[in-house]
Amino acid sequence: MSTLHTVNKSPFATQALVSCLNHAKAGDAVLMIEDGVYGGLGGTGLTEIMEEFGKNVSLYVLSPDLAARGLDPKRLIAGVEGVDYPGFVDLVAKHDRTQSWL
Amino acid sequence: MKIGVLVSEGPYTHQAVDSAYKFVTAAIAAGHEVPRVFFYHDGVNVATRLSVPPQDERNIQQNWTALAKEHNVDLVVCIAAAQRRGMLDANEAERQGKDANNIAEGFRISGLGQLIEMGIQTDRLVTFGD
Amino acid sequence: MSDVKKFLYVNRRAPYGTIYALESLEVVLIGAAFEQDVSLAFLDDGVFQLTKGQNTDGIGVKNFSPTFRALGDYDVQKLFVERESLEERGLSEDDLIEVVYEDEDDDWEEKPAIRVISRAEMADAMADADVVLSF
Amino acid sequence: MKIGVLVSEGPYTHQAVDSAYKFVTAAIAAGHEVPRVFFYHDGVNVATRLSVPPQDERNIQQNWTALAKEHNVDLVVCIAAAQRRGMLDANEAERQGKDANNIAEGFRISGLGQLIEMGIQTDRLVTFGD
Amino acid sequence: MSTLHTVNKSPFATQALVSCLNHAKAGDAVLMIEDGVYGGLGGTGLTEIMEEFGKNVSLYVLSPDLAARGLDPKRLIAGVEGVDYPGFVDLVAKHDRTQSWL
Amino acid sequence: MSDVKKFLYVNRRAPYGTIYALESLEVVLIGAAFEQDVSLAFLDDGVFQLTKGQNTDGIGVKNFSPTFRALGDYDVQKLFVERESLEERGLSEDDLIEVVYEDEDDDWEEKPAIRVISRAEMADAMADADVVLSF
């Protein structure tokens, strides 16, 4: 049993991503969508904490949202994987429940 | 798999309803069933047929109406949230003594029970909001 | 899949600044009729929804805080409140309203519905749900 | 002193428009002039005459309409924001080929120039948003 | 010349209050309204930083918003003053401009 | 009060997730006709509005980033971008689009409209404005 968490807020603007990560369990997945994709950026004050969480939780960004915002996938923290909408759907199906951190 | 979708924000202001549309389209293309999309909070504003977006932008309401028709998706607008925000169909307008209505084809107004029922009857529930 | 699903209503936002807290409560009240297993989670700013002594006379918005006290009558028995969220905000359980329910398995004794739990326990409660509704 | 007010969020969902109403009332009571309130973004949704809030809640649109009438406040709804969101007056509905309109008495639809003009002609500009 | 800043977000949810304080100048005033009033609470992780900023900037909360949220004025950080709507209007008039941190 | 006021448009939010960035730009374009002294401020997540290479094909939302480049034609000459906000987000000036205007006082030479400034200078720019519009 595992959960897909979605986060659609910038971690520089709100606490949603941090709160999500603080409640995610080993084996869960966190998908960052919309303004949430900024959470996948490397070279920020959050990078270290994200890498730490990434050891237990699978981290994803929605690639179309990343591209919309002009961010090259090369900027992503190591271990953060890009998925498209079909990949989003697969993640929903694969995990037992989806929880949105609004 | 049956996937239910909850949309909690209004059109154009938040990306939520655009993400939901893309997600539902992809889910159906992948062979899943999306029996219902429930519009709550400002999400009810998606259902207006009176919007006139700029010509070079997407028409959110028309996209949903077309999707619902093509794939038999039940688009439910929460009646309590809709009343607060001025979203009415012809029946509701008459019942409330209002001189106009604004709900587009393909959307129907109903109660919050439809949201709970969606949670019970689907395998997954995905929320798009703010 | 069993006939009864575990519904978890997650409340992470403060009351009055936005309508989410009120409209979340409206779903809970309607949902109570469906005889599912219902829990409410209050974490982050959601814990502010349960503070005692709310008085909205000065802002022209309806005070819906008394409605929480009616939840027991709707057989809603589990309001989980995250301890860390309270502490970060300088609050304790004493600052919260009382919500009680009558326990039918214990001679209808009145029992507190609010349960202050740790962040780890909150994560467990989330992982235990079949359906998570976020407000 | 002349104070202009900008409202950026819709009714009931955000407290912003309630705060704006309280502020404008207090400003006028203190002897200031509030010549105009400009509704932008989801703020345009405040102007709908079709809302039916619960009986024990405030009616936001009616409060503004009454305030405008009593104190001669110019309530301007941004036309571009309103078109996206399905807020139309009778003229706009006819021009756009829509079969209904929903703007309440006391509100008028106009361009963003009215916001800039308000900034130029008032001594203070206060924004209520999200 | 001075500015009245308004903040209507909880400092536990968004960065608005911190960003506002980082841009306020000595002699400015910061009025916390709506969910912003939580910024005036004492006994939190933010109390110390607020007290520090309070040395240069006048800090206010809108009392009706505080009461709505069930918070006793005794909970306020020392130096944070409650004002009502007429007080809000006076602050707008007294300062040369108003800037909203949304 | 002079005939010309200093208008400052403050942009603190990322593009696309919400409409504020686009609708802010629409105000700037209309406002340009009023011959006021116009500046735009980008800080916090607002700096993300100016990133190069935005491609919205995959999300079904219109890409309005090219419109920024047209600002010079509207005689908007001051786009202040906060250095600290860029750095906190792992960005530098090289990641931003170019916006130029023609300087009528310098033989119509093309000059960059984007000026990366410190947080303290941003505070000064805010304190220098007559009218602050926040998006």
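Points to keep in mind about this one:
Order of writing sets the labels: A, B, C, D, E and F. Residues in every chain begin at 1.
What we mean here is this: a contact is a pair of C-beta atoms (placed from the backbone, for glycine too) under 8 Å apart; a residue touches a chain by one contact, two chains touch by 3 or more.
If you're wondering where the values come from, they're calculated on a predicted model, not measured in any experiment.
For the pairs A-F and C-D, the count of C-beta pairs in contact is higher at A-F. Taking each chain's centre as the average of its CA atoms, subunit D and subunit E sit 26 Å apart.
Rounded to whole angstrom, the centroid-to-centroid distance between subunit A and subunit D, based on C-alpha atoms, equals 38 Å. Averaged C-alpha coordinates give centres for subunit B and subunit F that are 35 Å from one another.
Subunit A and subunit C have centres, each the mean of its CA atoms, that are 27 Å apart. For subunit C, residues touching at least two other chains, in rising order: 16-19, 44, 59, 61, 131-132, 134.
Counting partners per residue, subunit B has 12-13, 15, 19, 22, 41, 57, 80, 125, 127, 129-130 as the residues that reach two or more other chains. Counting partners per residue, subunit E has 8, 12-13, 15, 34-35, 64, 85, 97-98, 100, 102 as the residues that reach two or more other chains. Under the contact rule defined at the top, the touching pairs of chains are A-B, A-C, A-E, A-F, B-C, B-D, B-F, C-D, C-E, D-E, D-F, E-F. Interface residues of subunit B, counted against subunit C in their complex, comprise 6, 40-41, 80-81, 111-113, 115-117, 119-120, 125, 127, 129. The part of subunit A that touches subunit C in the complex is made up of residues 1-3, 15-16, 19, 22-25, 97-102. Of all the residues in subunit C, the ones that touch subunit A in their complex are 10, 12, 43-44, 119, 122-123, 126-127, 129-132, 134-135. If you check the complex, the residues on subunit A that touch subunit B are 6, 8, 33-35, 64-65, 85-86, 88-90, 92-93, 97-98, 100, 102. Of all the residues in subunit C, the ones that touch subunit D in their complex are 16-19, 59-62.
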